[in-house]
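Two complexes follow with chain A in common, the first pairing it with chain B and the second with chain C.
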Partner chain A sequence: MSETILKVEGLNKNFGGVAAIVDVSFEVKKGELLGIIGPNGSGKTTLVNLLTGFVKPDSGRVFYRGVDITGKKPYKIAEMGIARTFQMVKPFYQLSAFKNLIIPLYSSRVRRLRGGMYGDRDDVAIDLLEDVGFERDSFVPYKVASSLPHGYLKRLELARCLALRPELLILDELFSGMSMSEVASTLPIIERLNGEGLTILMVEHRLKELFRIAHRVIALNFGSKIADSPPGEIMENEAVKAAYLGSEEEGEDA
Partner chain B sequence: MNKEPIKFRKERLDRGIKARCEDIFALSSYREILYLLLPRVLPVALLLVFPLFKDIVGLYWEKVLVITCAIALLSLSWDWLASVGLISLGQALFFGVGAYVTGSLNYAFKWPPLITIPLGTLGGALICTLLLLPVLRLRGVYFAIVTLTLPLLLMRFIETTKILGGTEGLSALTPLPSLWVELYVPVFTLLICLFGFRRLINEDYGLVLQGIRDNDRAVMSGAINIYWFKTQAVFLAALVGSFPGAFMTHYYQFVGMPAFALDYSILPLTAAVLGGVGTFAGPTLGAFILVPLSEVLRAFGTLRVVFYSAILIICVVGLPEGVFHYIRRKYHQFERMVEVG
Partner chain C sequence: MLLSILIYGLINSIILALTAIGFSLTFGISGVANFAYGGFYILSGFLVWMLLNYLRFPLLLAIALTIGVVGLLGFITYWIILLRVRGIALSEVIATFALGVGILELFRYLGFVTYEFTLPYLKKGMILIAGVPVDYQRLYIIGIGLALVLFLYFFTHHTRIGLSFRGIAQNERTAISLGIRSDWTAALSLAFGCAMGALAAIVILPLGIISINTGYEVLLIAVAVGIVGGLESVSGILIASLILGYTQVFTGTYLKPEWMMVVYLAAIVIVLTIKPSGLFGKFKELEERV
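On to the complex of A and B.
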């Protein structure tokens, strides 16, 4: 639990005149489950985009296992082992669920990790779907993504990341738009993945669920880091209380 | 009121055959195999046999076949780009560059068609890919505008600089060796490209391309360099688009500015829309409807364009999904009577 897998140093990003991320620094240890919270517009998704190369920072550095990945292209960062989900689901709508997973399985990273061979790719894809809770004997793996409900697509998104065999998994509001029962069934999956040694960075609005599994939580407000503490103490923090101001109760219930 | 017990009910033919999804079949009888094979084998057989009857149908219609195959190849190339999410309005670019490379090689070095056509196809595809490389980041209407403009730009460039024969073009090129070559080379190329594309798009490689069409950011986050894949896709489309240009150059024994004509951009697009986008068979079918139709309408003289456009509008409004999709849907809805119990 001591090795640092991700190190962020003084990250800044402005969109026009709006400061989206202001001087954010933090570290993620190997095997850690780190939560990132903050009110709407506090820069959570921008932070994820900065870490995964979809947006280039104005200043600051991101190190992944000691290697500077600042400003690298998204596919290169993914190639190194950082997988991410999108808050707005991005499945391949015209392909069936298991074929959605063939695409990351085709990447050079997966082929390298599997020793150049990946012959039984369909089986691998269906195994992955089972990992996120889709029965292999059901119709779900064979259904076209556009016909699946939103909660399913969220889990498909998770499976697409797992297909990459990531070392760092970044979940951008995975639970948003999921029903209570879907959240309840997805939560153990994330706990299990983390238990297997996968480092997870979780941006989340569902605070109650997040606090149950996270080791540590960082709070953002207006792009700045306002708190960094274990989940039990973060809501005691005055700055966090002020940021959520009244919406705290709502956040707890959601 | 004693009702006769129901002894028979209707059942769709494809229900018993399809297993789970659209592309896995479980066949248990000769008739079921026939049901699946007939729509695939019959058109291919017809296409292969058609040139043999040249004495019956006449040389005129055999020449229509050649032009139809050329347009069908261009619409295949259009559909291939569309399945990567690149909407092109400029198949004339591929056609024209392929034609000019072949024409100038033959004109300058007097090489035979056996060498110039493959070289023209390959060279044309390379040049087109290089020309389109800077705009691969564009999507949708922006990519379309660039592809629409490029052939027009090249045409005016040749006109004003008077290179490659200028407005006169290059004439007296080597003719193709025989009528059989003229007829069968386009037919075989079309069949190879059609079934090759249909195969490739469902391979892993093709799935990545389809992924780029559906959601390029998700493909990027899957550790895949989408620009490299797009470049390859454009190259393949340019190959298939340059070949008819290269071939028709020797067929006409002439290459000139008409090789960049807007017709070669618009006809393949209309064929694809009429036939049904996204299946490769659709655009091919569309070309085999459009080109012969426009020949039949020649009898009406100037009114031809009016009839042609009217038929086109009726088809597109009546069957917005495309003729191919419509026929396929209806074919799968065939029913048979089965005994109950």
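On to the complex of A and C.
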């Protein structure tokens, strides 16, 4: 757990004069499960977009495995091994859940890692779907995404990222909109993936669940990093308390 | 009489579908309305003609070469012309329309305006279908139209590039988060669209002469079929072609042949008034706009 996989240095981003991210720096070690919390509008999703190339920073640098990826295109960053989910689910709506995974399984990254032609794509896709809780022998994996309930689409986001065989997985509020039982069944999956060595950066509003599995938590408020500590101590931090100021309950339900 | 209308209506519909499909394919994947489509269509006709008459190439070689070259030109068009105005729909339309007009008027300027410019039939002769005479060229058009639909289905469902096309078409942000290169895909969509336009030109143009005005008409057909069917849906294209194709043949038979062109324009106006996203379109925002 010593090698640094992601290094963020002095990241800044303004949207039309509104500071979304202010001088944020942090590191993620290989194999770490890092949580990122903060009240609504504190810049969490902007940070994810900056790390994955969907938004270009005004200043600052992002290094992934020692390579400067600042301002690189999202497809380049994905190709290098950073996969992300979207807070607002973005499946390929007119394709089945199964086909949603075939697309990343055809990606250049997977072909490079697994060799150009391999015949078991269908099996890999269905295994991944089963992993995240799709009923393998039912018709659910073959229903078009637009007809699936929200909880399934959230888990499809996760499966789609895993299909890319990432080295760094970024989850943008994966649990939001999931039922209690869905969260309860997804939590062990994330724990297991992390246990297998996958580095995970987890933006989350469900603090109780996050604190149970995270090694370390960073708190953002108005775009600035206000705390960086183990999960057991983060809510003791005065700045974090002030930021959440009674909105903690609401945050957990969101 | 009725049988003749049925058969020629079907042939006319397939000609429309074949003419429009390249334009719709590009738009459906990358959102680029390639208004140079008619220009590339006529360019394909002249290219085959020149390869046959100046360089004495065998027909099949000339056809294959032309489809390849026009596809490549579509690919290059994306990087040189479209990339600079990407995302600004109006500029994309103006840029590609200017290119199309440029191609067509260049040929007019060079004197490609006489009746000698015709392409050969793939096979001469005709057969009787239930007493209605149909020439082999039109049968070829039906065959190639059907083959193209089957190819497109296989291509978009079972190949890597086809799947990345669908990914980009359905959700560009998700697709690029999976390592699919949006610009490459868009450039390829333009290449495929242009190549399909070239194929359509090569099988349809032998029915008449290669005329520069046909280039403008082809663009009108592509836009009309696209608007009626919804620009991004293959089944929409097929059904829109059937509607327009049969309406045209009825119009030509029972009214006057001069009115056949009016069918496209009337269809565009009627559909845009009643259901702007097209009969099978998925971009419902047009209806929801206040």
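Going forward, the second predicted complex is superposed on the first by the 248 of 254 C-alpha atoms of A that agree within 3 Å, B and C clash if a C-alpha of one lies under 4 Å from a C-alpha of the other, contacts with A are read in each partner's own complex, and residues count from 1 in each chain.
As a working rule, a contact is a pair of C-beta atoms (placed from the backbone, for glycine too) under 8 Å apart; a residue touches a chain by one contact, two chains touch by 3 or more.
Since the structure is predicted, the reported quantities are computational estimates derived from the model, not experimental observations.
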Once the two structures are overlaid on chain A, check if chain B and chain C clash or fit side by side.
clash
After superposition on the shared chain, which partner residues are touched by A:Gly38: those of chain B (first), chain C (second), both, or neither?
neither
Return first, second, both or neither, reflecting whether A:Ile102 touches chain B, chain C, both chains, or no partner chain.
both
Quick one: is A:Ala78 in contact with chain B, with chain C, with both, or with neither? Answer first, second, both or neither.
both
Quick check on the superposed pair: does A:Gly151 touch chain B, chain C, both, or neither? Answer first, second, both or neither.
neither
For A:Pro231 in the superposed arrangement: first (chain B), second (chain C), both or neither?
neither
Across chain A, the partner (chain B or chain C) reaching more residues is B
Name the contact category of A:Phe86: first (chain B only), second (chain C only), both, or neither.
both
By the touch definition at the top of the document, which applies to A:Arg121: first (chain B), second (chain C), both, or neither?
first
Chain B/chain C common contact set on chain A
52, 54, 73-75, 78-79, 83-84, 86, 90-95, 99, 102-104, 106-109, 160, 164
Can you list the residues on chain A that touch chain C in the complex?
52, 54, 73-75, 78-79, 83-84, 86, 90-95, 99, 102-104, 106-109, 160, 164
Please output the residues of chain A touching chain B within their complex, sorted ascending.
52, 54, 73-75, 78-79, 83-84, 86, 90-96, 99-100, 102-110, 121, 139, 142, 160-161, 163-164
Contacting residues of chain C [partner chain A, same complex]
160, 163-164, 166-167, 170-171, 173-182
In the complex, the residues of chain B that touch chain A are 20-21, 204-205, 207-208, 210-211, 213-215, 217-226
